[in-house]
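See the structures that follow.
Each of the next two complexes has subunit A plus one more chain, namely subunit B in the first and subunit C in the second.
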Partner chain A sequence: MPRITVDGRDYEVPEGRTLLQALDDLGVLMNGVEIPHYCWHPKLSIDGSCRLCQVEIEGQPKLQIACNTPVQDGMVVYTRTERVRRAREGVMELLLVNHPLDCPICDQAGECKLQDYAFEYGVPRSRTREPRRALKKRVDLGPTIVFDQERCILCRRCVRFCREVPGTGELGVFGRGDRSVVDVFPGEELRNDYSMNVADICPVGALTTRDFRFRIRVWFLKEIPGVCTGCSRGCNIHLGTAYNRVYRYTPRRNDEVNETWICDEGRLSYKAIGAPDRIREPWLRSARGVLEPATESDALGRAADRIRTAAEAHGPGVVAALASPHATNEDLFVLRRLLAALGTEVHGMAVPRGRGDEILLREERAPNVAGGRALGFGEAEPVLDRIRGGGVSVLLVLGHDLLDPRYEGALDALRRCESVILLDTHHSELERAAEIVLPVRHAAEKLGTFTNFAGRVQRIEPAVEPPFLALSDGETLHRLGRTLGLAGFAGVYDVRAISRAIGSEFPAFAGRDVDAVGPLGLPLAGDPA
Partner chain B sequence: MGQRVPHVTGYLTEHFADDAFGTLAGYRARGGYETARRVVTGMSPAEVIETVKASGLQGRGGAGFSTGLKWSFMPAETDRPKYLVCNADESEPGSFKDRILLERGPHQLIEGILIAAFATGAEKTFAYVRGEYAFPADCLERAVAEAREAGLLGERIFGTDFRHDIVVVRGAGAYICGEETGLLESLEGKKGQPRKKPPFPAQFGAFGMPTTVNNVETFCHVPHILARGPDWFRSIGTEKSPGHTLFGVSGHVVRPGLYELPLGTRLDEIIFEHAGGVPDGKKVKGVIPGGMSMPILPAGQLDVPMANEYLRERKTMLGTGGIIVMNEDTCMVRVACVVTYFFRDESCGQCTQCREGTGWMNRIVERIERGGGESEDLAVLLDVAGKMEGATICAFADAAAWPVQGLLRHFREDFEAHVRERKCPFPASFEL
Partner chain C sequence: MVISEAVRERIEAAKARFPQPRGALLAALHLVQEELGHIPPEAEREVADLFGLRPVEVHEVVSFYNMFHSESGGRHRVYVCTNLPCSLRGARTLLRHLESHLGIRCGQTTPDGRITLGHEECLGACAYAPMMRVDRTYHEDLDPERAVRILDELE
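Here is the complex of A and B:
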């Protein structure tokens, strides 16, 4: 492997990479080695046009762009010389010649690379007296993206993204010289399943999402690392939160999972967190046959009563459970323990499905399908068959995955149970069959892990608190177990201890607890993935 | 139709007065294609490259790079098809030599291409002719058809395994498509934008294949070098810049037009002896020696031999040999307006410095010309030009910066007078 020296420090770098790529591979780019850049993006082809990443290389008379200069053994690079400083200053000044400088009303302000780099590398005065280009403002490029042509610095990341990632190529650069503009091709609009990524990679305020723009000043946001729950890919995200609300999901880089992208559907799934149809309190079916609000202890008491009565009358096998792939490994592990303590082995897991693609989106539309399977939850159909055959009296249901069209008639089947105990985040038709409804926390509101389709265990943590009393599925089940007086369910629920305990029962999870997997997750032990 | 024959001819253009020279029969009657036959049947590619290297032939497209060396960059052992590109996108303002070479001597060009193809192992040549050159492109197409009909293009040329063909492609009128990688992009049907290097065309050129791009005139010298030998070629011109070239003289001269002369001919000799000097008894104010992208020379520096080693000492270059003469009435700020407008208009817009710098310079000089200049504008102009130089994907930004630097170096007083008087003090100058 070639060895290079950057600002006096030695690095062993991968072969066949350019300087920026190699430093990015090592994780030191803008994290020890400061080489500002606009057009270069680790997951897009090299453009070489913004010219900001110029560095001095020993033996080369001219400054070279780090993004396109192949590393060579013995290369000696300087990033902090006077020449480099002046070159950066020059690029920054020229980028601002035509920029509208409308930062006070720009939604990118605060997370704008033009602001940041102008502050860091630019000149503090303007020397231009000339009028700036007047171009299109607030253009709808499509249903998701709003474009400000004046702010664009023509780095062309968005153009390359559309060509190279979704492969839709709606965008191009039109015109020449300082009349160049990014735009959609005539008669087209920016419309693809990944369109909103262009707003993330746009270094300036030119491309913003219709969904997020002007909702909040970004400096009020706290970005909490998490995992998208939209499908079994488990794209790494940041949850942008403020005032106990989630304002957006943005992709968080994980080269093993989602690179730097997220699909539009997953991105917008944050809306479910604060949705008006969240279940905010326990509900119990009254004698009149309608669901009425109840206290948690009443709900848990009734649930425990139903389970105990049924098990005593017909044996524990009439108590069954349908797990949810939206629940965490910890939630599902508590469910396993509860079922084991009750002595029933009747369980399964309903998996909602949708259209998948070749990029990120998976057909299995839940984050923890592989986790559920690894913890022993099989298909839902055998359980449903058993219910239809009258063999189930009390059914514990996590989530409303059963409403997926592939489980047609599941609602009718559930009505055959004497009692359905539902733990869910959102109101749904499933409640019609439920006797007891318990509110639970959304993934954005709890600590735990998901196992993605490839067997990678990834951590989620509470980004917001639910504005009502609700516990995680695991803790709710823990309290149910305690109400039932089951062994091992006494005491306070400790999700970290549960997370560690998974590994002792399921060796693949050993060392994969919430505190061990780190921000980028870890593959299941012994898993080839 | 413009000029048919240069005012002064030499080995490249001596038969251009003869209409028949443009036909296959006429060209053959002058011994045409005999050199190519001898090369293809009797020499090895390496020998041809060595001969061209030994001749010292420099590319005539503007950069003046060694042609033989460029050919030697083509990978010898490769399974991939190799290509040549004949750059006939002659777009440099002040330059009009390739046009005559295409119109009056297309077979001379084809013979040069054949020899280059044999030397580099190229199986096809794309001749990229600028869109405005409709007639020159027709002339070349006709000649290519004739050559193909006669078996000089196609399979088994001269009865050997050597095969080659030429595809004539017409551009759409962008200056930047004369830059070799901008040309390649355009050739592939894309927007004409120069490619970042590496990779270089010899590794990844037209359609991703190894490619060498040469100017029309460069190819035209090749048959003569192979016919008469590198020593003969080196006996013409200067030691470092051998051979003839076609100087295009325009502007305020009595006899504008083309002059085939040895490299190293003095600029004042070309202007005053060959082109008849400035009309109406006026004096020269400044001369652009090598097409608009080269820095201007003031009247006092015309005693320079027209070869890069001498022109560089005066901070300018031979470029494409397009000599633009300006008389004493000329307003150099207006010249700057024309030059910066051109480069602003033609910048492809990829690189920050070029896209923004060309426009900024143009707006500044136009404001100065209108009488709105400030004294600090000149420093800004020089600073912007300095930021553009050597910092971009291709040499266009240099080409845009150099003339501005040259004008300010030699005619700063013109700019200062505009600022001082708050108007243009050259009422007799050409109109913008």
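Here is the complex of A and C:
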């Protein structure tokens, strides 16, 4: 492998890579080695158009762009010399000649590379008196993206993204020289399942998502690492939160899972967190047959009562559970323990499905299908069959995954149970069959892990608090176990301890607890995938 | 289809002359413009099909070059060079003169659809400044009177 020296430090780098690529591979780019860049992006082809990444290389008379200069053994690179600084200053001056500098009303302000590098390399005064080019300030490129032509610095990241990632190629650069503009083909629009990524990779405020623009100044946002719950890919994300609300999901780089992307559907799934149809309190079916608000202890008391009575009358086998792949490994592990303590083995897991694609989106539309399977939850159908056959008196249901069209008639089947105990985040039709409804936390509101389709255990943590009383599925079940007086359910719920305990019962999870998996997750131990 | 079979055949022949068929894109666009007078989006789509490109890529090329027109114009296209040597030799005055003679502004087409007037940055005939291009013909060493005569002779 070639050895190179950058600013006096030696690096061993992979062959056949360019300088920026090699430094990025090593994880030191912008993390020790600061080489500013606009057009280069680790997951897109090389453009070489912005010229900002120029560096000095020993033996080469002119500065070279680091993004497109292949590494060679013995290469000696300087990124902080006076020549480099002046070159960057010149590039910044040219980029700013036509930039509107409307930062006070720009959504990108605060997370803008133009601002950042102008701060570092900008010249304090303008040498031009000519008017800046006047272009359209609001172009609707499609249903998701709004474009400000004046702010664009023509790095072509968005153009390359559309051609290389979704392969739809809606965008192009039209015109020439200082008349160049990014646009769509006449009469068409930017419309694909990944369109909103262009707003993330736009280094300036030219491309903004219709969903997020003007919602909040970004410096008020706290970016909490998490995992998208839209499908079993488990794309790594940041949850942008402020005032106890989630304002957006943005992709968080994980080369093993989602590189730097996320699909539009997943990105917008944050809306479910603060949705008006969240279940905000426990509900109990009254003697009149309607659901009425109740206290948690009443709800848990009634649930425990139903379980105990049924088990005493017909044996524990009449108590069954349908788990949710939206629940964490920890939640599901507590459910397993609860069922084991009750002495029943009747359980399954309903998995909602949708359209998948070849990029990120998976057919299984829940984040923890593999986790549920690894913890022993099989298909839902056998349980539903048993319910239809009258073999289940009390059914614990997590989530509303059963409403997926593939479980047609599940609601009718549930009505055959004497009592359905539902733990869910959102109101749904499923409540019609429920006697007891308990509110639970969304993934954005709790600590735990999901196991993605490839067997990677990934951590989620609370980004917001629910504005009502609700616990995680695991803690709710723990309290139910305690109300039932079951062994092992006394005391305070400790999700970290639960997370560690999974590994002792399921060896694949050993060393994969919330505190061990790290920000990028870990594959299940001994997992062939 | 807006591109005729004859032009399609000539485009295919042009493609065969390049190691990368895409190299014939400019030649193809010239052929299309010769036939249609301009290159509308439908024609860009058809050219894209012929080359296995995305329409947006063809539009990038069409919009890059001044000699390709996306909009329809008059029967004749007249371009006065206004780059530095021509301007020093009176190109701006020439252009103003033609504007008032035709009763239109630079960039417009006469109401009878006869002439579209425009300007170009450099047509590479600096030694013969000022000059103008009428369709595919260069007229050099112009003065306003001669330029007007040339335009008046256009049908």
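FYI, the second predicted complex is superposed on the first by the 529 of 529 C-alpha atoms of A that agree within 3 Å, B and C clash if a C-alpha of one lies under 4 Å from a C-alpha of the other, contacts with A are read in each partner's own complex, and residues count from 1 in each chain.
The rule is short, and it goes like this: a contact is a pair of C-beta atoms (placed from the backbone, for glycine too) under 8 Å apart; a residue touches a chain by one contact, two chains touch by 3 or more.
Note that this is a predicted model, so its numbers are computed, not measured.
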| item | value |
| --- | --- |
| Combined model on subunit A where subunit B meets subunit C, clash or fit | clash |
| First, second, both or neither for A:288, with subunit B first and subunit C second | neither |
| Contacts of A:129 with subunit B and subunit C, given as first, second, both or neither | first |
| Partner chain(s) touched by A:48 [first = subunit B, second = subunit C, both, neither] | first |
| First, second, both or neither for A:87, with subunit B first and subunit C second | first |
| Partner chain(s) touched by A:175 [first = subunit B, second = subunit C, both, neither] | both |
| Touching partner for A:185 - first (subunit B), second (subunit C), both, neither | second |
| Residue contacts with subunit A in the superposition, subunit B compared against subunit C | B |
| Shared contact residues on subunit A - subunit B and subunit C | 173, 175-176 |
| Of subunit B, residues touching subunit A in the complex | 174, 176, 191, 196, 198, 344-360, 363-364, 367, 374, 376, 380, 384, 387, 390-393 |
| Contact footprint of subunit C on subunit A as seen in their complex | 163, 169-176, 184-188 |
| Of all residues in subunit C, those that touch subunit A in their complex | 41, 44, 54-57, 59-60, 63-65 |
| For the subunit A and subunit B complex, residues of the former touching the latter | 46-52, 54, 62-63, 65, 68, 70, 87, 90-91, 93-95, 97-98, 127-131, 153-154, 173, 175-180 |
